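There's a structure below that I have some questions on.
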Amino acid sequence: MSTQVAICLTSRGNYARTGTLLHALDDDPDTELDIIVAGASMIRKYGTLSELLREDGLEIERELYNVLEGGTPVASAKTTGLGMIEFTSVLNELDPDGVITIADRYETMSVTLAASYLNIPVIHTQGGEITGSIDEKVRHATTKMADYHFVSTEKSLDVVKGLGEEGDRVFLTGCPSIDLVEDIDQNGNDQYDPQEDYAGVGAQIDIDEDYLVVQYHPVATEYMSEYDRTWELINAVDDLNVQAFWFWPNMDAGTNQVSKAIREYRDQRSPDDVRFYINMHPDDYLTLVSNSACMVGNSSVGIRECSYLGKPTVNIGNRQQMRERGPNVLDVKCETEDIKDGINQQLSAGSFERSTLYGNGNAGEKMKQIIRQTDLTMKQPMKPEQLDL
Amino acid sequence: MSTQVAICLTSRGNYARTGTLLHALDDDPDTELDIIVAGASMIRKYGTLSELLREDGLEIERELYNVLEGGTPVASAKTTGLGMIEFTSVLNELDPDGVITIADRYETMSVTLAASYLNIPVIHTQGGEITGSIDEKVRHATTKMADYHFVSTEKSLDVVKGLGEEGDRVFLTGCPSIDLVEDIDQNGNDQYDPQEDYAGVGAQIDIDEDYLVVQYHPVATEYMSEYDRTWELINAVDDLNVQAFWFWPNMDAGTNQVSKAIREYRDQRSPDDVRFYINMHPDDYLTLVSNSACMVGNSSVGIRECSYLGKPTVNIGNRQQMRERGPNVLDVKCETEDIKDGINQQLSAGSFERSTLYGNGNAGEKMKQIIRQTDLTMKQPMKPEQLDL
Amino acid sequence: MSTQVAICLTSRGNYARTGTLLHALDDDPDTELDIIVAGASMIRKYGTLSELLREDGLEIERELYNVLEGGTPVASAKTTGLGMIEFTSVLNELDPDGVITIADRYETMSVTLAASYLNIPVIHTQGGEITGSIDEKVRHATTKMADYHFVSTEKSLDVVKGLGEEGDRVFLTGCPSIDLVEDIDQNGNDQYDPQEDYAGVGAQIDIDEDYLVVQYHPVATEYMSEYDRTWELINAVDDLNVQAFWFWPNMDAGTNQVSKAIREYRDQRSPDDVRFYINMHPDDYLTLVSNSACMVGNSSVGIRECSYLGKPTVNIGNRQQMRERGPNVLDVKCETEDIKDGINQQLSAGSFERSTLYGNGNAGEKMKQIIRQTDLTMKQPMKPEQLDL
Amino acid sequence: MSTQVAICLTSRGNYARTGTLLHALDDDPDTELDIIVAGASMIRKYGTLSELLREDGLEIERELYNVLEGGTPVASAKTTGLGMIEFTSVLNELDPDGVITIADRYETMSVTLAASYLNIPVIHTQGGEITGSIDEKVRHATTKMADYHFVSTEKSLDVVKGLGEEGDRVFLTGCPSIDLVEDIDQNGNDQYDPQEDYAGVGAQIDIDEDYLVVQYHPVATEYMSEYDRTWELINAVDDLNVQAFWFWPNMDAGTNQVSKAIREYRDQRSPDDVRFYINMHPDDYLTLVSNSACMVGNSSVGIRECSYLGKPTVNIGNRQQMRERGPNVLDVKCETEDIKDGINQQLSAGSFERSTLYGNGNAGEKMKQIIRQTDLTMKQPMKPEQLDL
């Protein structure tokens, strides 16, 4: 009898961080995979996901529209509530043996709670990491709701166990996004042409010369000042004489503030060395990053995937505050001069040693094996000794 | 400038467990209280709350209907999702300095998440306790979402800190329900007449003779077999020659299974020494318990309030599994013979020493002082040393 | 290419009123049927529907829980809003050529609007009738949203056209419930035993003697006084020396008031000639009615199905006010004496001539043929001449 | 005792079309007004409304975020369902004597249904008009839900009565937006400077020279081809040598298609005589229109307000199909050449005779008087003679 697991993807990042697991589950005759696409993944301006999954040979069980407009905390909260209502219907109907819930975005709570309240075991990935923003609350709360934990780093393993989770339900697997990076590193991705294949807007970039990849997301807990912060970054990139691929922000509260600044920059200065993108297929995006001179912004890609690539990263502000990082990351404040200095410093650094902090390229397969070999159950009440009390 | 805090009450139990805090906040000119009544508290068959609050002199800011019908896990999950949508609107409008979230019922998650996503600090009561059912997941997840913790027992204090919460955000206050018990103990509640004042159905009870208080709630994670389990309890009570006040179950998944068995018992056997109630004012309910010979079922009242009263409790099944308890509690399996034996044993025991495990009668005032003296903020990311790593 | 139509069933009444159409669509290789079960049909206390459909050989595409608890106007309105959200997801995914919306219950608006806003043609049954309560508003509003109309009576045909609907989109088909009645009349339903097959509660009825079928639903626009009105009816039935099968009310606002009165009647008087039921399979229910001496209450069954059966009906109060009726219906006020007099008068009347007012037994087949032969489209804006202006 | 009425505003258009009524109700001590701001009015990119209302001296009772992102039929339907849930809570709490529902936008159905199901009388404005798109269904369905009708034109009066509404519940009041136009016409609006006061983007316009006002909204029933249609319009405006103020589309399904075309036009051609706006205060917007050479697009403003102004309008495509119009309107297909010819023809026409088709400037006051003098009740079931049957 095969094990049926459901997963809900709400962003392209979700796919990058679980892709090799999804394909492993899909390929194995002893496991069955139900993919639900929802959230930002259903909205054109954040980059839709379904077509891309189908092209990659994955079937989609359900598509759900649940994003409230506004780019505010209210929109985030209602999006989660609405998602919870609809995921409940879907999970109740699909009735899987387990539900995979990914990382720490606020809307993942709707999947985690729907599954938990339906008495379906929850498998959580990327637990035990430590960062800023509302993600921090969501991540650890999810750990306490989840029944199984697939963590990326040794320290995360300690944190999840430290939070009282039973040792035999916590697995150090690494992050499937490192599998992708490893694959690109080994096998390349020759055919891709970021400017031919994707409808970016702005300047033509010479990809044989140095270029930055810039990705700056709003921080929900401080979202009202993101317009000003985005301009700090814009002025830094604009001052430097280096090309850039710039990606629009995710849908977190503050998204409109970030977007407004970018749009004004584009309209008012028409920069001749910056090209703007919504997003790309994870493979192509990681190839772009891999070939870049430096990653700039506050995306976790600069910390996770770039650690394995040894790619220099300028990490800005509080969003990734406290996240475990390799030697490739330089932290700077969100001020123009600091960012400029940081980029210059990282450009001269060139590249760094590979770090296997976030995995060594076989996370998806490991995760699949555990799912396949486990009779998924809900965890027992926490025993005080699990907290070393 | 006064501190404005909001609270959402979804059951009479919520009121019993926070009542003295609410009155303390209401009475203090330096604090402002916004009460939202929702969930089961808006549904007649579970006992409505608003009128009772008004009679007690408390004002109600909003009433929200968000309970899905069905008494199933699906209903629980959608109730929570719907609550999350509407609490978001209400909290966004009231814009309090903090939100109090109570204990561990599944629907409290909607308040906790709405407040968290709106960047409003969350104050959690009754964290750090350990029990069975979905409550266990909800409670610890709430701890990881919350910014302040008012715990009832010393062990809970250790657990909450063990879960990585900063020491100066965790307060051992005891449980406000013990304040009520203490007040009844000191001042009595003479005027009350449980059969005159409340519209119970069934036999007339002689309250000068021994009587049981029976309260049995469904366990959501095993809700499909609650019909049979309820009959195990019914047969035990029916076999014994002792009077009983029996309270209908709460709205958790399985409520209809429990209710069906009770209804059939009433219809088929018309017991001449059992009287059935929806609920009572916390003061009257606790007086009834205080005057009873023994508490029977799986309500936490048998463990918390009865520990202070030294009242014998027969605690049935897994629902309170692992909850810290005083000497007054006898645990039995949910089987007729075990329950009968348990009741007989506890009836002969008479009464127990007072235990101050869950507080010593000044919890509400303590909590209010902390709220008043604290500049409420959201907590910082967890530091590994908070987990002793 | 086959025509795919979706239908949402929210009550057993819905199934009785469309059953022969559903089976006709299901049997025809040129039509495809998607059944969604929702609303009261998912709630045990109102009688679940899915199992019954499956036993009848119909497949269910989706089940949705959307009923808010409370039995109040607020619950009705939120149930409709929640239904609208979820039907949108389901209809968007099923993408049918048309959606059938039934009659005039408040929650049908959620299906009608979801389909209309998704640009899916809407087929409405039972339009053009005239009654009291909120149903009246819902029915005519639905006519103005719908693209095709399958009406039951000649006068309804005139009303729907009078409301400005194009003649070639309005079809006089009769009501499929008359098909059921005709079938029972022709072929009988011998095996059925209402007391053996269904878990009624109360007295044992001698079905070879005279018995009433009593069904009284709340009127949403006057729901607060339904407790008193129900007692008027109870006292009438209780005073008369005649057996009765009594059916619990539907979920309209006021349902708890009606139920409370019935429950008290049962508890306090334990009537020895009344048996209480939630509901039955439409075939069995109509057989029960067909074999009864008289139908009593305010269900439309007393008016529609009973007109064809020539069965005497005592119709109480305003709920069916103005609905077209045959000679079998005697209208009385909701007062004990009037009801008693009415029942006595109808019992002596015996039976009435068959009326084909609501159809002559081939409605389902007619409707199916129209669906099959029509290229379903949305209607054009109303031309003034359609209103005879 | 004063009459309390609630209204929900979901767009600036809503405010323009009810503004003088709102101020009349607000000024009268015998009426009380509860304003709820929701829908597109809460979203920055569609133009928020609350601040503007407050500047005009109106108080806001509630603000609700209910817009789903996507600009698709699914988003429209879910927005309406979500609105219905939350309006129910708000109206249940405010408990007004009547609710005003405006015109025919899809989301108004949520207000209409919430009020109707709560047994609150509904007052509908702009009923009886005839147009294309989903609005046509919504408008007439709203007429059948509503209890009172304030219509704008004589023909609308006939249509509403023709739909079976009782004569003494239908009032010919004219449209409050004509009151605004009349006021601007009489008193001017000297201080306004559209380029100083509002943050438009694009070219500087010389407002002493001829300019167009362009407003093109998507048609929900054909929304997938709106990108192409918008380019037909863009090419027409771009080819002509005339200045233009161009307003972004409303949030109807297809909004992203229209916006995408406009954004590309702006990015690719940077037109030196077009300026882009989200919206303006109704007074300033109508002054801008009043001073323009010609209105172009498919907004109802070109038909209603411009008829009174005698302002030439080029009305494009099906959206306003069949709406009653004065001599100022020239209808053209949505093809570049037709639009160009139409604009040229209207520019040479200059101006037209004032038409009082949509009112003569005292609609708000008339409506208020009716509300004040009426004991608001729900209508009775429709009598066949109301349909001339």
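Note that the chains are named A, B, C and D in the order they appear, and that numbering of residues resets to 1 at the start of each chain.
The definition used in the following text is that a residue touches a chain if its C-beta (ideal position, glycine included) is under 8 Å from a C-beta of that chain, and two chains touch if they have at least 3 such contacts.
Protein names from UniProt, one per chain: A, B, C, D = UDP-N-acetyl-D-glucosamine 2-epimerase, UDP-hydrolysing.
Note that the structure is predicted; figures quoted are calculated from it, not measured.
More C-beta pairs touch across one of A-C and A-D than the other; that pair is A-D.
Each chain gets one centre point, the mean of its Cα atoms, and the points for chain A and chain C are 51 Å apart.
Put simply, the C-alpha centre of chain A and that of chain D have 42 angstrom between them.
Multi-chain contact residues, meaning those touching two or more other chains, occur in chain C at positions 65, 74, 78, 82, 85, 89. Contact topology of the protein chains: fully connected, every pair of chains touching.
Residue ranges of chain D in contact with chain C, taken from their complex: 73-74, 76-78, 80-85, 88-89, 92, 106, 109-110, 113-114, 116-119, 130-132, 134, 136-138, 140-145, 155, 158-159, 162-164, 220-221, 321-322, 378, 381-384, 387-389. The residues of chain C lying in touch with chain A in their complex are 62-65, 82, 85-86, 89, 93. Per the touch definition, chain C reaches chain B in the complex via residues 42-45, 65-70, 72, 74-75, 78, 82, 201, 251, 256, 267.
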